[in-house]
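So that you can tell them apart, the chains are marked A, B, C and D in the order they are listed, and the count of residues begins at 1 in each.
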Amino acid sequence: MVDAPRIGALPSGSRDSIGDVEGVTVGHATLADGPIQTGVTVIRPHGADAYRHSVPAAAVVINGFGKTLGLLQLNELGTLESPIALTNTFSVGTIYTAMIKHALRDNPAIGRMAPTLNPIVAECNDGWLNDLHAFAIREEHYGQALRSANADFDQGSVGAGRGMSCFGLKGGIGSASRVVGSESARFVVAALVLANFGRLPQLTIRGIPLGRRLAEIANEAPRVREQGSIIVVVATNAPLDHRQLRRVAMRASAGIARTGSNFGHGSGDIVIAFATNGVDAASTGSGRPPADVPDAALDPLFDAAAESTEQSIVNALFAADTVRGYADHVRRAIRECLPDWRSLFDEKADAT
Amino acid sequence: MVDAPRIGALPSGSRDSIGDVEGVTVGHATLADGPIQTGVTVIRPHGADAYRHSVPAAAVVINGFGKTLGLLQLNELGTLESPIALTNTFSVGTIYTAMIKHALRDNPAIGRMAPTLNPIVAECNDGWLNDLHAFAIREEHYGQALRSANADFDQGSVGAGRGMSCFGLKGGIGSASRVVGSESARFVVAALVLANFGRLPQLTIRGIPLGRRLAEIANEAPRVREQGSIIVVVATNAPLDHRQLRRVAMRASAGIARTGSNFGHGSGDIVIAFATNGVDAASTGSGRPPADVPDAALDPLFDAAAESTEQSIVNALFAADTVRGYADHVRRAIRECLPDWRSLFDEKADAT
Amino acid sequence: MVDAPRIGALPSGSRDSIGDVEGVTVGHATLADGPIQTGVTVIRPHGADAYRHSVPAAAVVINGFGKTLGLLQLNELGTLESPIALTNTFSVGTIYTAMIKHALRDNPAIGRMAPTLNPIVAECNDGWLNDLHAFAIREEHYGQALRSANADFDQGSVGAGRGMSCFGLKGGIGSASRVVGSESARFVVAALVLANFGRLPQLTIRGIPLGRRLAEIANEAPRVREQGSIIVVVATNAPLDHRQLRRVAMRASAGIARTGSNFGHGSGDIVIAFATNGVDAASTGSGRPPADVPDAALDPLFDAAAESTEQSIVNALFAADTVRGYADHVRRAIRECLPDWRSLFDEKADAT
Amino acid sequence: MVDAPRIGALPSGSRDSIGDVEGVTVGHATLADGPIQTGVTVIRPHGADAYRHSVPAAAVVINGFGKTLGLLQLNELGTLESPIALTNTFSVGTIYTAMIKHALRDNPAIGRMAPTLNPIVAECNDGWLNDLHAFAIREEHYGQALRSANADFDQGSVGAGRGMSCFGLKGGIGSASRVVGSESARFVVAALVLANFGRLPQLTIRGIPLGRRLAEIANEAPRVREQGSIIVVVATNAPLDHRQLRRVAMRASAGIARTGSNFGHGSGDIVIAFATNGVDAASTGSGRPPADVPDAALDPLFDAAAESTEQSIVNALFAADTVRGYADHVRRAIRECLPDWRSLFDEKADAT
């Protein structure tokens, strides 16, 4: 678990990550070599072949300044039929091709007797720290990330998060989970973010406007315009269908907002939610989970989605290491800029 | 201006209300008599006839548990061609009829040689404090609210806000404005909310989780399920078109989220944004404003939309008076529950 | 069954109407008195109380120039919890109020301990034949229509269709059904339309451009601009969920297009689809039907939705009687204008 | 101009193709070698660099079973900032990469000091005639197509259309234009389609159900399920903005429907519309065209969009040559199957 300020009141799972949703695993391929600071992160919805065993899913676009691939079909059919791959903006095409080739090995009928695969590739622009123009990501990095997928995984400056910036600090991969419900119906809702958004003066953690304080400390290089983005992946073992997952996904926006962002013009703020519990039913083609959660019981799941998203962003920041990359640009880790962060949050806890 | 904690860093207009957007006026009809605690609030986009002089507009539905009328056409044509009326859930029909009858007086060709009017009626459920089943709102209350419209207007337990609850406290009408831009291009973005949403433990003001503290103090009656909602009206004098206003409207959600809400299942969270500067161009029928704001310049307007929405909610709470109504139900004013609120926020200001 | 040209190749149910979907009934209140030529039509999804037993539903807005009420919540929750009422544009408010009052009789907790009702009221503008400004529809007409609801019902110039025009001819209410599937899984998909759209030269029936021929015959009065609309209600006994019903609803647009319309600017073209088979599951609150139709099996249902919509429009025209109304305006029945229609379609059948 | 049945009543431009919209050019790279029958088609909105001179644009997804890339940002910003590339499903990634690399040559600041490019890549599955698994499309084919772009261009079995099937016959690229308006305001609306959709028995041309007749003639190989799609690109010189282009794009669906399709489950039916006249204004970043067309004047443009889409599909069929490809699969040209087509349509013209 990431050593970071604790968001909200709900309990987390044992890992406080998306790995707490049974079956979900995450893998990284990280490229860190001078001007090349980038990578690929893969989220697998379960251990089986996702093409043959799709799961209920939905996506919400909060701000569409982004190149994420696959959401049209995901929302039309209400299912996720591939892992979700995260990478840099220029590598969306390469990873798309890699995902198809990988799926063909196990499913040679794809595109012939069987429908084509709908790969989900989401991206953020890591061009500040990474030499985007080098097109360093190759198809093999997808397989590498996939093979390393595990319920326990690294956060921070790894995988697709290697070159990402967040609130002018080092961003990257963060994840968190929340547990809701009673003994009889206990559900995990968890998030994983690729955090590459926000302007430093806006940064707010647990209601404290840290950004204004940090603005004097951090090495925030000026940029012509904000080009960041945030991709949020929400997973749950609750048996939700497409429509309900769309509602859950929308709540991730509340978590993003509480870190200080107003969904900047140049930020692709995109949420993809899926439910693992529906594996078997979904694979029949209708995307319906086997059980039934009434909408009137969704509020705890909504709270968990917002809270785990907010915690994931905070975890991305606190798990990150300082990275120097392309053109000697540097993004500093928040832990370095704010070594006394614990006392800040303790004070606040006392005050209220 | 409402005496309330100050949200954010942007300057407000002289009224800190939607009345700071030149031409915009607000009127109320308030019914406060024993079990009848309800009303109508009307927002006029400008002083002329809105049917003949429509303005660019857009609406975003964050959570669609609501009966707001008129958004299909508003989003298809990108224009607002009537005042925006707010009232209780059961009175949407009555106010719709009243708005048409009112428009017919000045435009007898409506529905014959000229297109029909598209009245915008938004609602929240005030059934806790108000005897909804009495259907107390009559058509004449629309005209009464309209006639009282003024750039200076009351907030809190007035008009449509009379019977509304917010975070288990007395809610209602709140409004705020923010000013952005340079000398040469100075824009006002302002909000008005009908605040009837939220569960008390969630209430957060300026990052302080007040709700947990207040939960012990306030007389929060248990309810079977949350049935609240929030309607946000955003106005600006910036010459934005429909698509840009849709983007601005989306940012109101960040303001709502920062007060603690995760857009509860039973809450109709709806935002309607319009631009006054486009009056003349819009009235030609295409809804395009006369000037041009590049999207890359929208971030300050987004910040202002989020901040004025958040401030409007806080103002709704702090302007509200305690109300006793239907079945002797009571909603207490936050000022009563928290007389020492100033010291709380001063402490916080010191801490950071 | 309406004596009209036969559309398509799929078999219809025994009534060739929405009454072929078990449980669905339709009732009318018709006002026909000089300048008052208007009414109300009610579609009940089943015989029980719809508030307590909601059904899966979805709506698609093809062109949003219309005032239909209730679609926000219908699409958020994926359920229909009231009958669907059709009426003229100015009477949406009155019928909304009537529907709430009616539901309160059976469910006095509505708006208090239980959520508010979401009435669905759709409308077209009958202002050419009907004195809209007279506001002739009163709340009691809703109950009158409801009480008359039956699986067998009149089509043409009745109910909400009384004053409607279609392709410059007399339009109104039309309905049709199609049956698809095998012995083991036989589904009915049926439509009911309130047809008030189209310009005469466009009218096309079974591929024959009848409108050009009729343009010389029919008494088509010039209008300042097209203000028509079409409301399509699609019902099925197939166990579809909200997302699938949205897909089915979208296919109604193909049926509309084949009659010659290009979804004119001033036409509110709106489709509402619901599934009766989900009654019990839906009433638990999640809107999920009890069984499961894979999306890959939807094509026959899509074909049936398009074909029954097209047939419903044709039936509306051929069931209509000539009506004289407001300001002595007249809309002629197509049967009158084209008494030899049978020979036309026979020729065509021979030719291909 | 393609020798094909003539659709509708509106006049076409001199080329009856999208090349009639001033500035628009189309280029192909065609691969035709045994089992490899595929290609790339590029539509350029104007002769300048599209990244620096974006144009107003909008996209509508009629059925989202497809992998089209770039629509999120196109609809958020309302602009097209790249050519539109069409190719086979498996080559979306390769062409995306090629488009970025190409844009970098002229705009080295992309992804660094300037925002990233949003390439638009749309696809259909040509796996029946083309060995999709060979991944024959390489990055260089994009440049090849781009360099060949011309206002006069081939239709039928060329470019991305090389391996496409339509109604069980040979499909591919088709294009058509329609001219509307008066002397003073004359607008061209034109379409280009990548036609790879439909089941033979549905095929309808000018209202004649040709598919049933052809079903006995054509060599329609059975397929496990329909996997076709249609991409429609609509261009106009009318000064429309994003919202209006979205309305125009929606009307393409009427043109598709009239050829017999009900938007099959497995068909990605996607429309992208852009306006060339807005080049200069759009390049300032707001996507607004310099002039103003009131929405009430859009009906002729709607008719032209539907008619040019329908004509484009018919042209794709009639321009196509029979192609033999992967696994000796064959798709026959409609001209071969129906050499007497002229007499069919003449008869019909006489009959009505």
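By our rule, a residue touches a chain if its C-beta (ideal position, glycine included) is under 8 Å from a C-beta of that chain, and two chains touch if they have at least 3 such contacts.
If you're wondering where the values come from, they're calculated on a predicted model, not measured in any experiment.
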C-alpha-based rotation, chain B on chain C, 0 to 180 degrees, nearest 5: 180
Chain pair with more C-beta contacts, C-D versus B-D: C-D
Relative to chain D, chain with the most remote C-alpha centre: B
Centre distance in Å when chain A and chain D are each reduced to the mean of their C-alpha atoms: 35
Mean-CA-position distance for chain D and chain B (Å): 44
Where chain C and chain D are represented by their mean Cα positions, the distance between them in whole Å: 33
Residues within chain B bordering two or more other chains: 63, 76-77, 225, 247, 266, 295-296
Pairwise touch network: line, ring, star, complete, or other: complete
Contact set on chain B toward chain A in their complex: 62-63, 204, 206-210, 212-213, 225-226, 247, 250-251, 253-258, 261-266, 295-296, 298-299, 302-303, 305-306, 347-348, 351-352
For the chain A and chain C complex, residues of the former touching the latter: 76-78, 241-244, 247, 281, 284-288, 292-297
Of chain B, residues touching chain C in the complex: 61, 63-73, 75-77, 89-90, 92-97, 100-101, 104, 108, 111-116, 118-119, 125, 127, 132-133, 135, 223-225, 227, 266, 268, 270
